[in-house]
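Chain naming follows the written order as A, B, C and D, and within any one chain the residues start at number 1.
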Amino acid sequence: MVRKLQVGVSGLGRMGARHALHFLDRTPRAELVAAFDPDEKALAWARQRLKPYGTKLYSDYEAFLQHPGLEAVVVAGITTQHAAQTIRAIEADKHVLCEKPLSTSVKICEDVERIARAKPHLKVLCGFSRRFDGSYRDAAHRIKRGDIGRPAILRSQTCDKHRDDDYFVQYAKFSGGIFVDANIHDIDLALWYFGADSIIKSVTAVGINARLTDLSQHQDVDNGVGIVEFHNGKIAYFYASRMMAAGQIDTTEIIGTHGKIVVNGNPQKNLVEVHEANGIRREVPQTYYDRFEEAFVTESNEFTECVLDGKELPFGLSGAITAVKIGDALQKSLRTGRKLEFNELGEEIVEDKARL
Amino acid sequence: MVRKLQVGVSGLGRMGARHALHFLDRTPRAELVAAFDPDEKALAWARQRLKPYGTKLYSDYEAFLQHPGLEAVVVAGITTQHAAQTIRAIEADKHVLCEKPLSTSVKICEDVERIARAKPHLKVLCGFSRRFDGSYRDAAHRIKRGDIGRPAILRSQTCDKHRDDDYFVQYAKFSGGIFVDANIHDIDLALWYFGADSIIKSVTAVGINARLTDLSQHQDVDNGVGIVEFHNGKIAYFYASRMMAAGQIDTTEIIGTHGKIVVNGNPQKNLVEVHEANGIRREVPQTYYDRFEEAFVTESNEFTECVLDGKELPFGLSGAITAVKIGDALQKSLRTGRKLEFNELGEEIVEDKARL
Amino acid sequence: MVRKLQVGVSGLGRMGARHALHFLDRTPRAELVAAFDPDEKALAWARQRLKPYGTKLYSDYEAFLQHPGLEAVVVAGITTQHAAQTIRAIEADKHVLCEKPLSTSVKICEDVERIARAKPHLKVLCGFSRRFDGSYRDAAHRIKRGDIGRPAILRSQTCDKHRDDDYFVQYAKFSGGIFVDANIHDIDLALWYFGADSIIKSVTAVGINARLTDLSQHQDVDNGVGIVEFHNGKIAYFYASRMMAAGQIDTTEIIGTHGKIVVNGNPQKNLVEVHEANGIRREVPQTYYDRFEEAFVTESNEFTECVLDGKELPFGLSGAITAVKIGDALQKSLRTGRKLEFNELGEEIVEDKARL
Amino acid sequence: MVRKLQVGVSGLGRMGARHALHFLDRTPRAELVAAFDPDEKALAWARQRLKPYGTKLYSDYEAFLQHPGLEAVVVAGITTQHAAQTIRAIEADKHVLCEKPLSTSVKICEDVERIARAKPHLKVLCGFSRRFDGSYRDAAHRIKRGDIGRPAILRSQTCDKHRDDDYFVQYAKFSGGIFVDANIHDIDLALWYFGADSIIKSVTAVGINARLTDLSQHQDVDNGVGIVEFHNGKIAYFYASRMMAAGQIDTTEIIGTHGKIVVNGNPQKNLVEVHEANGIRREVPQTYYDRFEEAFVTESNEFTECVLDGKELPFGLSGAITAVKIGDALQKSLRTGRKLEFNELGEEIVEDKARL
């Protein structure tokens, strides 16, 4: 009989519960043997939905880590716990799939990477979902094959549907800001398509609060635009929004010297169009998960495959850190109103105004 | 100074008025010198809109034909007058641009053609607007160039927006029926793309009255589907409707052995898309004229050019007759419920049931 | 621990192997406990791919049926065995998911249904994949909700990509013909959207062999067009082709009195568009499975759920029989060149020419 | 008889010749009575194409201005002559339609406006072609009607097809730079949709030379990205490129608090799509004129109408000046690498570093 990866999921909130189900139901080579959440409500759900299939439930993270035979941990709880739980799992010699971001602090991200690097036999993956999406991969394949010449400009946006509640405002307390939370994906795409060796040269960001004025409490915005220059002569520019009317509208363009690739230039929920008295209408995905559900499932399966078969992960941790670094810089540019500049090592050039 | 074609328009109803304005305003090499309509209301409009530019108005067709210097006549009045006026104009030695159809009677169409053939110095054009549309011409060009191999199957539809009034019911009295009135354009496209030498082999049509039940008074339908086989092994199938919710939806596909061309697979009024709470919406042309206005203007200009420069017309009268013949056959198949068959000369094969 | 459905797959050819993997890997509530194929090559594949996960392999169908604990059988081998295997499985008291068609013979289909009806505790499903596709279901939901008024006209096509080999010619020996093999899906859609009570009134079909001239050996064509009238005043028209240049192009339109729904009006493989020197290009699914893979997986899961939870199947066998009946009639119309007519019971009206 | 506007065109280069023909052939209420160009080659063309219709040709601008009865002048020669010729025409009491930009110098633009303001009986229009495009007007209408709530973010790009020659490099000598030459249209759209009272708050631009490295001689780039903040809390961001593979790709999005409008999200030349072995392809306009030809013709006609009927022009000169000002600021930001800031009067805030 074939061996299945013994997986545990930490955090059974909205996204964590999905990860648990992906491993339970849609990752044939894995077995969801354990799940952890400190919250009783989450555990109650798990008793209904996971336990009947043999998943052992824990309310204590350390006990969870010691589940007999546990090989890999999915860290999917609140962002502020990502790094600490990842580090503890590595120390307990577990493979880790950690939801993005590792941390909103570059320093802490670097700590995680250093600790991971010390245990090269472990697979530690930061889950950038778009890296597992069929369309983004198709784009990557075409770019690598040279279809558009040398990539030069990237435009990418992550735009959420407007919500009438205060979800985005609450979320902004811990999210690190719109560029770190939403555009982190677009930044990661830039690093992917431009090459991981792309060194940041300058960063500028602006933003407004068009509807969610309470976001300003957290120095955040509901619409942000940013530009990132790289030292290799490439430019990425980003847009993030929390107020799309129609749904989740994540679009990316990669412009090369000899062609252009557009991913999701025509957002659509499915293949249906409706002719009505006022025109032709199509619906679009309502949430990030609606758009990227298949990518998350692919992520579970490939992480499992890499661990079981000793394959290399599709991308390393360092890109995840660079993405946070750029996201943080955009957020800082937004807050300060300044354009930030970086030397060829990617270190911020701080003008010593006092010296002038 | 350059010479301008001296043109007169006969019939100033909805379509005739448009033709008049196309020649007045948008056909640089023509001059609208005369216009005829027996109806006082139409003439009142013309006194406002045409006369100030020097167009002489007539309520008598014969007087109109004798307008000094008149060279060409646009026959654009009611369908039942098309043939008679065209014949009289030819007799008066005028070039003619006649709105489609020449007649709903094949016999009368043939009369017109015979009379026209006797005066080869005259240009006599039956106005199939799609022949002048940029997209349909682009398709023709690609087909001729061999881009799709040998054309084998054609699907084409002419679908009008639903109207709450009884326009279509009134119109059905004289229109010749939905296959002759609406699908005539699609039939003409089949002859264009398949080759004018395509001989009809069989015809089947069915139809329903889904909304305009009064159409059955005129043995007509608001939705019709028909298939035409040709002796050269090609098949065209058609759909016509009077009840589109969104607007005018005229789509054509030409399927060849090595490729396919779609014309207007994504109907749209302009380049605008609107994101709303319930999805992404675009509007579509509301009427046939909305969709083909530019084609009509091109028609005016090319007719003028052919006359002035002695160029050959882009297509002859015989196709127009064949189109009416096929349309009539479809209408007959609809009425009788029978599949009609034709020999290799395109003559209907009538089973003599009595003899059996 | 939860109970999982004990499933066996009969037939491990191209489609059967896919079904086996869907139950093995992508149907969480099922267990693939057995598989049957008489062919050694298929079994060799299964020894590699299925056996390690505990699937028992059989080269004898009767032995397979007696696999201990087997509850449900997927009949996915060659078409000519569908009915016989389904009947034997029912007799052995197994639930059955049978690939379409049950048989190309209406008579045999009716036998299967009668035998299934005698064991109402068994779930017997004929796998019309589009019934499980998200977009087609969305369309069904909208139609049921009344979004387009009363459905009146349906246009649907199943068009395969051209293949350079003789696959389609070989396949035509057993397929029952293009209308039974390919358009059966479109016919099923008509029955779904128009209502299962739609009684066939007339049928007309024509076709050509534009590229695969050898198909005429089997009285089949590579391009077919058909029209079906129903006694409730609705019309469906179909197109099937074996020579699409770009890929699998399956499009459906449902036109109602107050709106229209288009499914897959813009075929596309994924969300990527490429800008190149000669324009903007997108790719399309290459095969039927590329387009409907997710639908097949949904089918496996829902069949499993219906059996385990005693739920009603989403549709019964009688529609599958009607679809074959209509497909057969279209094929007969194609062969004979005649329009076929049916009385209000759906029985063909045979003109007794001798009596005339 | 109706009166026609007596128009003269100055400059018969590529764009000037088009303007001449628009007035000659496609502006029914105007008469092209005169044309000026100092260049013999241009005049040779005009002798063939314009003179036969009665247009008098001039190689001297002053003589041209004194053409008997001349009422209006179209200034369409090289950019560096726009302002001087416009001023002279105003002094000669002519209405003026001047190609954009009035000048690449804000100061000179202001001079023109002051001189124009002194003769309020004259119509002086700066030709922003997109203001006359049906799709952009439709967008404006929807925005004004409140369809998308309050406009907050605008994204707009002007992207030319790559050319193998050195056209863009030569052109950069006089064009004022990519933001002034190309994005000027997008800036104008921002002012249109955000309101003419939008006061610039900050400007940032970056750029690269991905293919046309010689552009750096003129401190210009072949790809530029810029962000403009306005004091009313709105943000516009722009992209311009000289290296599109497929053709002219000018897209605009206006994001409001309650909806979004996209103009030309799916560029296309016409309504044709071609199915080929490698997918489905559509072509796109190749040049700016291909895309906006109809808008230019509308411009001619509306300018004529405003003069003849004493109507107000659709927009005044001040916006044209603001657009140049913002374009210049973007170009300055590109050159200096600095973010520029502006006070609430729109005056640049110059940091006095010496004072620190």
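By our rule, a residue touches a chain if its C-beta (ideal position, glycine included) is under 8 Å from a C-beta of that chain, and two chains touch if they have at least 3 such contacts.
Just so it is clear, the model here is predicted, and its values are computed rather than measured.
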Which neighbours does chain A have in common with chain B?
C, D
Would you kindly say which chain has the C-alpha centre located farthest from the C-alpha centre of chain C?
D
Chain-centre distance (mean CA atoms) for chain A and chain D, in whole Å, is 41
Between chain D and chain C, distance of the C-alpha-averaged centres to the nearest whole Å:
57
Pull out every residue in chain B that's touching 2 or more other chains.
148, 244-246, 249, 258-260, 265-266, 275-277
So in the complex, which bits of chain B are touching chain D?
1-2, 24-26, 28, 52-54, 134-135, 138-139, 142, 147-148, 258-266, 269-277
Can you name the residues of chain A that touch chain D in the complex?
148, 150, 152-153, 155, 202, 204, 206-208, 210-211, 223, 225, 227, 229, 233-235, 237, 239, 241, 243-246, 249, 255, 257-260, 265-266, 337-339, 341, 353, 356
In the complex, the residues of chain C that touch chain D are 244-247, 249, 267-269, 275-284
